[in-house]
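What follows is one structure encoded as structure tokens, with my remarks underneath.
Each chain carries a letter (A, B, C, D, E and F) given by its place in the written order, and its residues are counted from 1.
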Amino acid sequence: MTAAQADIEELSIKAHTLTEALPYIKRFWGKTVVIKYGGNAVSDEPKSLDTFVEDVVLLNFVGIRVVVVHGGGPQIDALLSRLGHASSFVRGLRVTDAETLESVKMVLLGQMNPLLVSRINLHGALGVGVSGADGSMVLCRAISEEHGYVGKVVRVDPSLLENLLQMGRIPVVASIGVDEEAQLYNVNADLVASELAGALKAEKLVFLTNVEGIRGDASDPSTLIRQMKADELKEMLQDNSISGGMIPKANSALLAIERGVASVHLLDGRLPHALLLEVFTDHGIGTMLYA
Amino acid sequence: MTAAQADIEELSIKAHTLTEALPYIKRFWGKTVVIKYGGNAVSDEPKSLDTFVEDVVLLNFVGIRVVVVHGGGPQIDALLSRLGHASSFVRGLRVTDAETLESVKMVLLGQMNPLLVSRINLHGALGVGVSGADGSMVLCRAISEEHGYVGKVVRVDPSLLENLLQMGRIPVVASIGVDEEAQLYNVNADLVASELAGALKAEKLVFLTNVEGIRGDASDPSTLIRQMKADELKEMLQDNSISGGMIPKANSALLAIERGVASVHLLDGRLPHALLLEVFTDHGIGTMLYA
Amino acid sequence: MTAAQADIEELSIKAHTLTEALPYIKRFWGKTVVIKYGGNAVSDEPKSLDTFVEDVVLLNFVGIRVVVVHGGGPQIDALLSRLGHASSFVRGLRVTDAETLESVKMVLLGQMNPLLVSRINLHGALGVGVSGADGSMVLCRAISEEHGYVGKVVRVDPSLLENLLQMGRIPVVASIGVDEEAQLYNVNADLVASELAGALKAEKLVFLTNVEGIRGDASDPSTLIRQMKADELKEMLQDNSISGGMIPKANSALLAIERGVASVHLLDGRLPHALLLEVFTDHGIGTMLYA
Amino acid sequence: MTAAQADIEELSIKAHTLTEALPYIKRFWGKTVVIKYGGNAVSDEPKSLDTFVEDVVLLNFVGIRVVVVHGGGPQIDALLSRLGHASSFVRGLRVTDAETLESVKMVLLGQMNPLLVSRINLHGALGVGVSGADGSMVLCRAISEEHGYVGKVVRVDPSLLENLLQMGRIPVVASIGVDEEAQLYNVNADLVASELAGALKAEKLVFLTNVEGIRGDASDPSTLIRQMKADELKEMLQDNSISGGMIPKANSALLAIERGVASVHLLDGRLPHALLLEVFTDHGIGTMLYA
Amino acid sequence: MTAAQADIEELSIKAHTLTEALPYIKRFWGKTVVIKYGGNAVSDEPKSLDTFVEDVVLLNFVGIRVVVVHGGGPQIDALLSRLGHASSFVRGLRVTDAETLESVKMVLLGQMNPLLVSRINLHGALGVGVSGADGSMVLCRAISEEHGYVGKVVRVDPSLLENLLQMGRIPVVASIGVDEEAQLYNVNADLVASELAGALKAEKLVFLTNVEGIRGDASDPSTLIRQMKADELKEMLQDNSISGGMIPKANSALLAIERGVASVHLLDGRLPHALLLEVFTDHGIGTMLYA
Amino acid sequence: MTAAQADIEELSIKAHTLTEALPYIKRFWGKTVVIKYGGNAVSDEPKSLDTFVEDVVLLNFVGIRVVVVHGGGPQIDALLSRLGHASSFVRGLRVTDAETLESVKMVLLGQMNPLLVSRINLHGALGVGVSGADGSMVLCRAISEEHGYVGKVVRVDPSLLENLLQMGRIPVVASIGVDEEAQLYNVNADLVASELAGALKAEKLVFLTNVEGIRGDASDPSTLIRQMKADELKEMLQDNSISGGMIPKANSALLAIERGVASVHLLDGRLPHALLLEVFTDHGIGTMLYA
């Protein structure tokens, strides 16, 4: 076998890999997929951003309508600490006073959002950054008096996203909301992703997190659940079989199912190309939830 | 005359005022107007934001395609000082190192842009915030090595703005640019406004500043020039009759004329409803420049 | 205060007046308003035509879809008398023989309609005159044998008006109908306006007449009713509290409400800018009827 | 041969006749044909209106964009005489004072136009009557001071006709013009037809008159010219070989050729289905003029 | 009467014939008509193809959406015999082995389809040949094991035809189906026509055959039934009053009625212009079936 | 490493392979690629059809507008021999009498075309088979009297292909042409592909053949030319460095370049996924020709 032949053979294998994706491309062509990308993903594994962006762009080019929703927890912590502003927490939620809100806005809109958009645009003029205030997309009110400017979603208007998707763009949404008096709010990004996925009648909602998925026994990696019904997850929540940071994520996932999203996926975003693997193979990465 | 009659009469006068705007509405219906709104305008006269927003929304409702471009100089200074980061200037331009750029992005995208968008949206889901990185709209490269991340506009792609305008939105543009390696840049907002006005074939470009306009004699308010040709302004620049902060503004205005914008207006944005007066009356507020 | 400053101040007040209309513009943007303009309005107060036309054109430019319907009673009387053709009336309706019908057509189509259209077009190529025969828009049959060519509306086809509105035109409709044998009819303009408003799903139907509105006590101007429910008007009709020329007008208004029009307004068209005041202020001019 | 067979045979011949029109239908499908229909045609031969209307509707259904332009000379004479208003003529043109103009408008817009429209609409909601004032379609100025309100065409705006044609309607145009001060004018219908045909880039302009066409020798019917170049007609005009009422018609025809219309046809409209024969056969009816 | 006058008179009669078609053109304008054209029609009466094609093209030009479906029985027999491949029949259906299927495909797609398409295109670039495999239009499965590749229609997807009709084309459909494993099938053309007519919500389905229509008494031509309800035909089938080759045709016709087609026509395609006569006259050619 | 981990790792590699195609997908998104698929490809290596079809469908799903053109030489030989009809050749071209033409049509339209279409449609309702007669797409005349029905392309009308591509279909074109008298012709498929690629302003034309590409020395595989300019190929043709079946292929390739196609590729279609490798890698398979 000559060198050239070896090359050709290797290329043929690669070409074959491309065609293996055909059934998945067909199945999701023209469908909407909402992806929640966590701030952890960026900070824990800087290089993973590039493979994530490649995945997003590839999904777009093969005809999937992709919406990215992001938060930025660790980055907000960093800025607050730099500004010497201490945070307090009530029932697991950061109390958001006016100054904290400024930092949240500056991080999400001024750091995370342009970072994602500009990286996506290395592959063409695709990414457009928006927040829930743009086009009054995410209407909020305060979740409680004591939490300050932490918002609870009252109504979402997906028309701006629909328009951007129709133009062939990839909207990148920062989890900021707005009320009817033009006050901005800090909103949990998982909830924003669920609400938008519902309003867009998305086929899939994918949470890229820093855990593998839901485990039958939280402490035992071998008990990772590949697929489960929404009702089963509800039971696990009632049984307290779900704990810690997974609780709000599970509730967001259930909300999306309730809003009519066909399947919700919880994946470890640190795994290279986790998104692509989940959409383009039958092999379960993480946990898939369905109605 | 009864009270009710007096009311009716007053109302009739108001109705008459509305119809006086008819010839202007007809003239600009369907045309594009780009407005540069300075950071000073917000900080000097907080209430002026509300009347500015009313003007912008009214222009939109009477059929004008409005684009707002904003900077945020004073607010950037405030954040840098709060973060204890000193700025140095070279030939009148702020040297923008990585940390300064972070502050620029956080202020423009995280503070100024959502402020303008959310205020506009008090009047309906109209405003959509974008930066020059969205849709790769403002392509830049470094203006010089010593200035760091200060960008020089290489090319603008107005397609995202065209799409937003077509959907009936009011785009609010933060003066951030991006290069081909996804590096963001701080770009002078006047230049961004001029380039976008040119690319959008705008009818008018309006600079809302904190001076009345161009004066024949900079120290004498009574020498305000109402209308002038671009060539006259060029001569004044060569004669050094223009000085200080007006020099870059004059250059931006000339650039817009060169790019094909029909008229450029320099107004004092602190005057209530300055924008509306300029568009809807024949009475000259500030200085109008034309080819 | 210098003269220039005084000017500026006056202009600012005018600009403020413009922005006061914003909430109304927003509320009616894209909505349809049908206006019945009576022949009396032209003959009683010739100058009022100009302010009426300004109002119509302004409504159009701020995004309202305007349809004008007109009759021409006094002008028809004048032509008939000039041609020496006496009219007889049966139960309040003019008996319309072939010769009378010729006069009706000549006045409505040959005098009133081009007058309104050409005045509107002083503000741009907006007005397009049509009659109920154009595009078979108003299908009629004879109201009774003894009334001759007085038509009763059988069905309206609003597609021609929809098309003209979509092109940005202001249709001006003469109250002529047609039957299935191509016979034309004289139709009451109030009824035509009500039927068209219903078929166009109009937001508002405005009758510009020569009375102020409906009074609780017909002889006492101070009893003008600002707002009333359709049911209250029905009761007044049954109680005979409504009399004379107001009876058919009241019935037309009730018909429009029945056809689904949100509100019907009876105004004194002789008041300058009555139309604009009714649409653009909360202050009640005349009487507003709603379901 | 049974009776039924005879029927079938007759029907087959009819079907064959239909298919004979195929080459003409193909040739003119999607093309615009402007038809000038004279007032004489209606008054001389009342029944001819029905066959004319059938022809117009058939052309429309086989995919030709048809515009009808009409005058109403004899009918105007009748009304003026009835109103006891004498006409004077200067250089062959009726002096049109304000009162004469009123009669012209009443006849064209109030009698002729709705007559044509309502007859066309016996075949569906196709006809829409317009005048040159609608949509400011025919802009005029006075032809001379002494002629009063006789208009000379300054500019035509075919956009309203284009829109109506696009909706599948048949516009019926009364030869009324308007100037920039909203003054209406009496305009020669042949000229209006020529100008509109030019502006619409019509394939054909057909004058339906009460003469057979242009004759080599005006007094000898056997010298009817079937086809001629525009230049030949110009020479005949210079030679005074054309006389009387044919002179203005010839000039209008030449104007249309100059405006880019491919062919102009002068036909005797009293011949049943003259229009259809001209468009759908190769046999020359009347005279065809081409560049 | 001169020769020219005689000509003109003859032409006038022809023109009148054209206008007689007006009511039918109006009734069917924009409607869909599916025509089953049998292989017999071509072989029995070669010249009839030209008049058939003229009819099809004329229907298209007067605004009817025409779809032609064809089989090719006699031509298939000829090819099979030439290739020395004998056919066997089970319950009236040709057993279709792989080799027979090849011949069916070669005749329908390689002979009949391009013949029809190219003849239609003598009148413009109108005809586009397709089979049930194109765009997966006719999905089949085997009708029984013993019949081999004889298909039974499982589902039709009319989107390709809708698209072609929208572009103004005349689709010519060969009666080939396909299953989900890409196996092609021989499908009865009458059934394909009925299923497509149903899916396209056709106004009419016309079977051009070599018999006159349905007779009350199969042996007596004078008992031809002009119009009948679907229920009456069902009864005749149950009574065995229908026999031979008419049975499957009757069943296809009933299927179309069931699928919502307004009327089904059985005509003798050998009669010149039979199609046009059926669509454009009230005189019954053949038998019309309705719900 | 656990089994699951091994799986994940393998999947990650596959995912990475997918993203490697991104730059190529971006470059060709929305572009048109015409592919000539030879009859040899099917007969020599039956399984290659499946991988070819996968490649075509994948290109379509990633946004490339794909047109497949095919011939069927070997299959035509087979049918002719089966029908006992000998072929003669004149100057390398098969003399095509009426009977030969029938066989050509039957093979191309009845065998090859539905085979390709139905295989493509295993991946969705994408493929639509057409010939040059459909929509009068490929207009021909006889190449010479002695060659009979061998066609020479006179003009191509790509509108049908444009329409099909716009609907998202994959047109599959059989190399049949038609003249203005509806006579069909046998046309060289390479020429049809070149002409269509030119008319569609294709980015690429790919010839899938049974040779590797063009060699500097025809007898030495190691002299395969990876890239060459059109002018170099012309020189080789003049030098007689190109011989045999490669001559007409080289001429077709040059024709496409002349018609404005950016690059023409000659590949060995027997190599699995040759098409995908050529479009999606920088590694040269075969020979690429450019202007």
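Operating definition for what follows: a contact is a pair of C-beta atoms (placed from the backbone, for glycine too) under 8 Å apart; a residue touches a chain by one contact, two chains touch by 3 or more.
Remember, predicted model here, so these are calculated numbers, not experimental data.
Starting at chain C, how many touching-chain steps does it take at least to reach chain D?
Minimum number of steps from chain C to chain D: 1.
Go through the assembly and pull out the chains touching chain D as well as chain E.
Touching chain D as well as chain E, we find no chain at all.
Find the geometric centre of each of chain B and chain D from their Cα atoms only, then give the gap between the two centres in Å, rounded to an integer.
55
Distance between chain A and chain B based on Cα centroids, please, to the nearest Å.
Chain centroid spacing, chain A to chain B, equals 35 Å.
Any chance you could list the residues of chain D touching two or more other chains?
Correct list: 124.
Could you tell me which shape the graph of touching chains takes: line, ring, star, complete or other?
Here the contact pattern is a ring, one closed loop where every chain has two partners.
State the ordered list of ring chains, commencing at chain A and continuing via chain B.
Counting round from chain A, the next being chain B, yields A, B, C, D, E, F.
Which part of chain F faces chain A closely enough to touch in the complex?
7-8, 11-12, 14-22, 25-26, 29, 51, 54-55, 57-58, 61-63, 123-124, 271-273, 276-277, 280-281, 283, 285
Would you pull the chain E residues touching chain F in the complex into a rising list?
The contact residues of chain E facing chain F are 82-83, 102, 105-111, 113-114, 117-119, 121-122, 124-131, 133-137, 157, 159-160, 163, 167, 169, 176, 178, 181-184.
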